[in-house]
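Only one structure is covered here, and it is reproduced in the block below.
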Amino acid sequence: MPLITLLTDFGTADAYVGEVKGVLLSRAPSATLVDLSHAVPPGDIRAGAYLFSRTWHRYPTGTVHLAVVDPGVGTARGALAFAARGHFFVGPDNGLFTSVFHDTTVEVVTLPTPSDAAPTFHGRDLFAPAAAALATGASLGALGMPFQGMPERLAYTEPHYEGKSVVGEVVYVDRFGTLITNLTPELVPSYAVLEVEDLDAGPLRRTFGDVPTGGLVAYVGSAGTIEIAVRDGSAARRLGLGVGGQVRARLG
Amino acid sequence: MPLITLLTDFGTADAYVGEVKGVLLSRAPSATLVDLSHAVPPGDIRAGAYLFSRTWHRYPTGTVHLAVVDPGVGTARGALAFAARGHFFVGPDNGLFTSVFHDTTVEVVTLPTPSDAAPTFHGRDLFAPAAAALATGASLGALGMPFQGMPERLAYTEPHYEGKSVVGEVVYVDRFGTLITNLTPELVPSYAVLEVEDLDAGPLRRTFGDVPTGGLVAYVGSAGTIEIAVRDGSAARRLGLGVGGQVRARLG
Amino acid sequence: MPLITLLTDFGTADAYVGEVKGVLLSRAPSATLVDLSHAVPPGDIRAGAYLFSRTWHRYPTGTVHLAVVDPGVGTARGALAFAARGHFFVGPDNGLFTSVFHDTTVEVVTLPTPSDAAPTFHGRDLFAPAAAALATGASLGALGMPFQGMPERLAYTEPHYEGKSVVGEVVYVDRFGTLITNLTPELVPSYAVLEVEDLDAGPLRRTFGDVPTGGLVAYVGSAGTIEIAVRDGSAARRLGLGVGGQVRARLG
């Protein structure tokens, strides 16, 4: 049973996801479809790329990942299908797959636009047919010509040193209002103290259960980077902070 | 593997969809369930009918479509199961299936109400058992008596001419704030200029990528009718327009 | 095909549900996954327990139910897997499964925490592997040691008499704004009159279709307890009432 995951910014209120799934199941009737998320903020490639980076590698090899956050749909931006680490990927060439291109060899093809594709809905008319073809055993070579050059990658801000501090930033805010940062445990020794908006979040704890209800807490999150949370509350609301907000680890 | 699609106004926060799926999978264990949408605004048959019209025909023949937007549940409104174009349909007789009854021959039966059905939850107690029965091979005739008369259909406003203009209306607003209208390309020649709320949306373009960020743009949408969008923004918010709002194509 | 249901407070916007499903499908590739709800308010064990109580028994025996509303993740709270009435259950020991422990014999084991589990994401690293193991035929005994003592149960307020009235409370408010109470039909004879916030909701009706649009109405809901609704409207908004709000049945 081939597995196809879906990550989009289509939302789940409209018919778009249902139309895409109809195309997939008409062409790959035995496929199992799994939603990663359809609530990527409209056109937010960076948020989509973050969510995608956390999830795809949790799936078994052979899985086809269809990811469509595509503000440039219908323009000259490329359409890709590729294979990496035993998985298949289908979507626009706009940086959404940055985490996959990182440190791995990939085989990439350019997908042609079907003549009857709606210029505003390549998810349904271009990408879904390609994903269904891969799920039913088609080779990449049968889907398009080898891609020339380098697929798009997002540029990320790296943590940097400022005097006796390491300064990172918030890369994602989740449903619980937890601030997920780009600071890694290697950069934050056990004697360091975390600071956000001049508030002291203390040294790294194991989990938010290690502080009292309402307390600000820093810990290594489930994606492997430092997170700032409020126990049984929202750090984003408490601190008024969002993506791009600064987080500092004082080292002395 | 039989396929059952679900379209409701139950939302996904409560237990209702989970209860319906439990009934379906208890009675049709090998069925594959696909959500079209559960976010139809509560009781909004018109929005449900629009979403349903876009999706059902994307699925393979043999699919059973369970659609429940049912403000009249428990009253005298009819309960139907029917077949059309090789698909099966189950739901209330209130216009939700208008797009299917249009221009096609159908075989319709009336579903009896089980004596132990909750009067407020026919989705679980009446419609889901019927959908599961069809998915496991039951005939329509085994589910109920032939339906007498004509199922309900929604009345739609058609575009009309006013002097040198064609006037249509918004039939749906999607997650991106795109205004989907009832104007078809046949009514809007290439020299026509689209107007919404006294703002000029220009002639038909191919896609929203054809105008600069923030620009108002009109194009033939993925459902085949004219749409008005703001590139990387929301036309609904910009124009303060919703369902029923007027859109005009000036022909001279 | 083993069936695994999921109930969480993870939301569907972030990657968390997608990560959990990746773990499940990597370890139990032939499992069918069904979402009960992921929109339990963050950390609201009571709401999660209510939704879970309505749904799990609708599924066929053999189903594995993975339920994670877990504000105490990473602390000393227990982690359980157990069997009851032919179903399997996996999740934290915090009262989420109160409806299952009620009036039935269960076999319970304590799940050990894998050494590499993220302390903030036992859903992915502890509970999902256990659910996948049960779905692929592992015995409870293979997953952990027999649980000592009594699993947590939520304490519920019972309806009580005040003079010539029975007084209950709202236990859940659904998407439609319907107030679901803990009053059972046995407590409310046909001559009783329902009262909420000094407003008269009349005697028990069959369904909301029995009053005019906008009318306040009381009936036996689809979970078997009394509900208060506004036809084609929201009782919660009209009455400004939520969970814990008082509902009174006047008996004379």
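The chains carry the letters A, B and C, assigned in the order they are written, with residues numbered from 1 in each.
Definition applied: a residue touches a chain if its C-beta (ideal position, glycine included) is under 8 Å from a C-beta of that chain, and two chains touch if they have at least 3 such contacts.
Please read these numbers as outputs of a predicted model, since none were measured by experiment.
A rotation of 120 degrees, rounded to the nearest 5, superposes the Cα atoms of chain A on chain B. Interface of chain B with chain C: the two copies contact each other largely through different residue positions, with under half of all numbers used appearing on both sides. A straight line joining the Cα centres of chain B and chain C is 31 Å long.
Along chain B, residues 12 each make contact with two or more other chains. Residue ranges on chain B touching chain C, taken from their complex, read 10-19, 21-23, 25-26, 29-30, 33, 42-43, 71-75, 118-121, 124-125. Of all residues in chain A, only 1, 3, 5, 7, 12, 32, 34-40, 50-52, 54-60, 174-176, 206-210, 219-222, 227, 232 touch chain C in the complex they form.
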